[in-house]
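What follows is one structure encoded as structure tokens, with my remarks underneath.
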Amino acid sequence: MNRKLRVTVWNEFRHERKEKHPARTLYPDGMHAVIAKALAAEPDLEVRTATLDEPEHGLTQAVLDQTDVLTWWGHAAHAEVKDEIVERVQQRVLDGMGLIVLHSGHLSKIFRRLMGTACSLVWRELGEKERVWIVSPGHPIVEGLGPYFEIPHAEMYGEFFDIPQPDNQVFISWYQGGEVFRSGCCFYRGRGKIFYFSPGHESFPIYYQSEVRHVIGNAVRWAAPVATSGFREMHLFPNVPVPLDPIPGLAESK
Amino acid sequence: MNRKLRVTVWNEFRHERKEKHPARTLYPDGMHAVIAKALAAEPDLEVRTATLDEPEHGLTQAVLDQTDVLTWWGHAAHAEVKDEIVERVQQRVLDGMGLIVLHSGHLSKIFRRLMGTACSLVWRELGEKERVWIVSPGHPIVEGLGPYFEIPHAEMYGEFFDIPQPDNQVFISWYQGGEVFRSGCCFYRGRGKIFYFSPGHESFPIYYQSEVRHVIGNAVRWAAPVATSGFREMHLFPNVPVPLDPIPGLAESK
Amino acid sequence: MNRKLRVTVWNEFRHERKEKHPARTLYPDGMHAVIAKALAAEPDLEVRTATLDEPEHGLTQAVLDQTDVLTWWGHAAHAEVKDEIVERVQQRVLDGMGLIVLHSGHLSKIFRRLMGTACSLVWRELGEKERVWIVSPGHPIVEGLGPYFEIPHAEMYGEFFDIPQPDNQVFISWYQGGEVFRSGCCFYRGRGKIFYFSPGHESFPIYYQSEVRHVIGNAVRWAAPVATSGFREMHLFPNVPVPLDPIPGLAESK
Amino acid sequence: MNRKLRVTVWNEFRHERKEKHPARTLYPDGMHAVIAKALAAEPDLEVRTATLDEPEHGLTQAVLDQTDVLTWWGHAAHAEVKDEIVERVQQRVLDGMGLIVLHSGHLSKIFRRLMGTACSLVWRELGEKERVWIVSPGHPIVEGLGPYFEIPHAEMYGEFFDIPQPDNQVFISWYQGGEVFRSGCCFYRGRGKIFYFSPGHESFPIYYQSEVRHVIGNAVRWAAPVATSGFREMHLFPNVPVPLDPIPGLAESK
């Protein structure tokens, strides 16, 4: 693809607008603004944003049709995301759009619907250290990294994380308090690709950290749609009455 | 487990009750009766049935709580299955119950919800030959089989089949008319296990075929719940405030 | 299978015979004796042992032919294992025998040959705490366990562990000093199944720990051969000149 | 990566030099010449060739060090490939070089060594039709394709194909005579990536077919090395005596 990849950075954008919430100080214009700015600095990416409180959550059919990869951050208001929009996003993913689900997005309607599982986990918010280990060093999402990187203060997310076994497991995190977590997970679904990446939190400056931003950029490129032709839309299941190859003794078959 | 595995064979049971439908001749008491009888002949299985038109589709919480493995056949009336029952079955699967999805069950609400994809495919009903090849000969589901078996007259199901890549691919089918199909697919979800098996059709005597019955029996045993303790219910995502291991310099951490 | 599963517990058995080595105190008759005794206490298992310094390393063709599942512990003398015996074991695995590779067996000739990778890792021997987390709670290998178990004093094995991505990832370990490790890994190869399980060390009493013994027993049952018929030996690649199905217009094809 | 990808096309180059062999007519300068010319027409690829009868089979350490992706075609002379060269190629793959194994290369020493299995299959040479179906339509290797493509006259390769389950299954082939085959398979190994692609034969003009050439080009890009830093060479397994995180009560641990 020679044109730029079109990325839409979606954010719930509620914590950052609450008075006295740490998110307001850390991300005064919203986490989406910080993530979008980081991605827009890449020469091959073209970035827009969308948030929950916009009409249709900013995710009209037109916006989605012009989106190659969507990133998703939600937490407190998962339930407010309208089912028809979730349906629309799922359809676009199955038809090829990439989806990057960030941190607490693990409980979003869209991620749970695409995984088919509860996507639950255990958690703790002490600001402990997280060390993100690479377990698939040939995968394009780890380009530019070394064997691990650290997040100085993180919310702990721990196993058992109720997801399908990823098609490619890229990262596994270690936490100071005793847990592990499958923190970077690739999934192929329909014609689309999904990457779940747990680092990132509204009360820590994790989206300012260079490794985290770098991984999100790599993930966007990995999740880019693949141009194919002739595949039906995924919700269709056509009858194909005439066989491709003749069947001996079968009249209809020529 | 020394007690018998408790299997519930679920069937939509509509085709078989239609006048002049071939299913009525082939399966006068319903496909569930034929499948249940085959399974009940195994000394380690205890079998009951349930159908769409029973109250709660025969799947009360009590029935599900006493079911180790549920088999599912549906086709014309997927839409009539109540969402609350689908939710209940999904929760039981995530909490450990096995699920065997048969043939046209690929478009059932429960399978689509657990897969997260459209589960669509292409199809053709000429009664052509299907040859089911084994591609995982060490898997317990193929116990007792040889390199392939044939179904003399089958409905064709063809790729692209919109499912997640299976955790273990067991069977791939060849069709006379030119298609291939991933016809035996294992999925781990939550604490449960799911097997999709495409052979079987309301208008062909496929559920009388010994290999097909044998595979369903093997699949039931493979999908049996695994006894563990201390796992939360999958829809919960508990906060665990105190770390398992002390964190240096952190007061809460002891 | 109604007869007992036949298990052969293989051990290098060198550390335990060195004067003043901690292994001598911990495992005076060898780690194989301790593992074999634990397994032999199970009513469905029949156990024998074999060690490096026996003729043919105790792994004659006759012994292997009567072995359903082989467990392997080696460390200091991997290079002394004869290539022809390694070849013989590999062939048996591809033809259906189960293989459980323990701890430092990750660098054994047989495991590296079956994986095709270097199977290297990083390590540290401080006796720190290891916490073994379950990430596949529906897998039969975790039967009887809770969300995690602890090993009070362990050798650290850390990522990047150079193995193929497991077919089923069962355990991931956390170490006090900052690493994670894929400590329980299932692989299907040929008609056989392989489980790598890292806990266990010559200088710690890990093979006396109930959870570790329990996992090895579960793994033996999971890795049991599956009875099939008609599969060729895996090293053969036969020509099959006559097609199974007639090819229109092709004379040879009838 | 802004520079061109450096591809080395390796060929046994024996069939094509035999008098009266069909390969001589079809590929007078060798299959490598035809494949290399196709790849060299791509603006992002830089291509060289190497063959069995060159010194060190054309695969000196210097050549491999300057190769990003190696393609491999061998058939009659697998046994003549020197073990030390195989070792060298394996090491480069584990350290990041991509490897595309073509057709009868399934029995090459390098592929069997990297897979750990026999890589055997069944085969038939009648020139029947092969239909290559896509089962992973979001994968970059299928870019530019539709749901399937046909090879008018092919050698049949059939299951059971003794390989590890691929990390991503991309293609499954249908054959007129009754078999299926996993014909496009992705494997991650060490820091490298491997793609096995079965279409291609010395006696059929398959390497002139546009879809086949296109897939090989896509596979080369997918298998390109990923730039990382700090990963050890894969054959090393270093001791890391000092923990990354302090261990309470442990003197060495600071």
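Per-chain residue numbering starts at 1, and chain names A, B, C and D are given in the order in which the chains are listed.
To be clear about the criterion, a contact is a pair of C-beta atoms (placed from the backbone, for glycine too) under 8 Å apart; a residue touches a chain by one contact, two chains touch by 3 or more.
Being a predicted model, the structure only gives us computed values, none of them experimental.
Student: Measuring between mean CA coordinates, which chain is farthest from subunit D?
Tutor: B
Student: More C-beta contacts across A-C or across B-C?
Tutor: B-C
Student: Please work out the Cα centroid separation of subunit A and subunit C, and write it as a whole number of Å.
Tutor: 36
Student: Where the centres are mean C-alpha positions, what is the separation of subunit C from subunit D, in Å?
Tutor: Chain centroid spacing, subunit C to subunit D, equals 29 Å.
Student: What is the distance in Å between the mean C-alpha positions of subunit B and subunit C?
Tutor: Using C-alpha averages as centres, the distance is 31 Å.
Student: Would you give the residues of subunit B that are in contact with at least 2 other chains, written as numbers and ranges?
Tutor: Residue numbers touching two or more other chains: 131, 134, 136-137, 147, 158, 160, 165, 167-168, 176, 178-179, 188-190, 231, 244-245.
Student: For a test of understanding, state which residues of subunit D touch subunit C in their complex under the given definition.
Tutor: 90, 94, 107, 113-118, 120-126, 128, 156, 158, 160, 162, 164-165, 167, 176-179, 187-190, 231-232, 234-241, 243-245, 247, 250, 252-253
Student: Applying the document's contact rule, which stretches of subunit D touch subunit B when the two form their complex?
Tutor: Within the complex, subunit D touches subunit B at residues 131, 133-137, 147-148, 158-161, 165, 168-169, 172-175, 178-180, 182, 246, 248.
Student: Which residues of subunit B touch subunit C in the complex?
Tutor: 96, 129, 131, 134, 136-140, 142-147, 167-168, 176, 188-193, 225-231, 244-245
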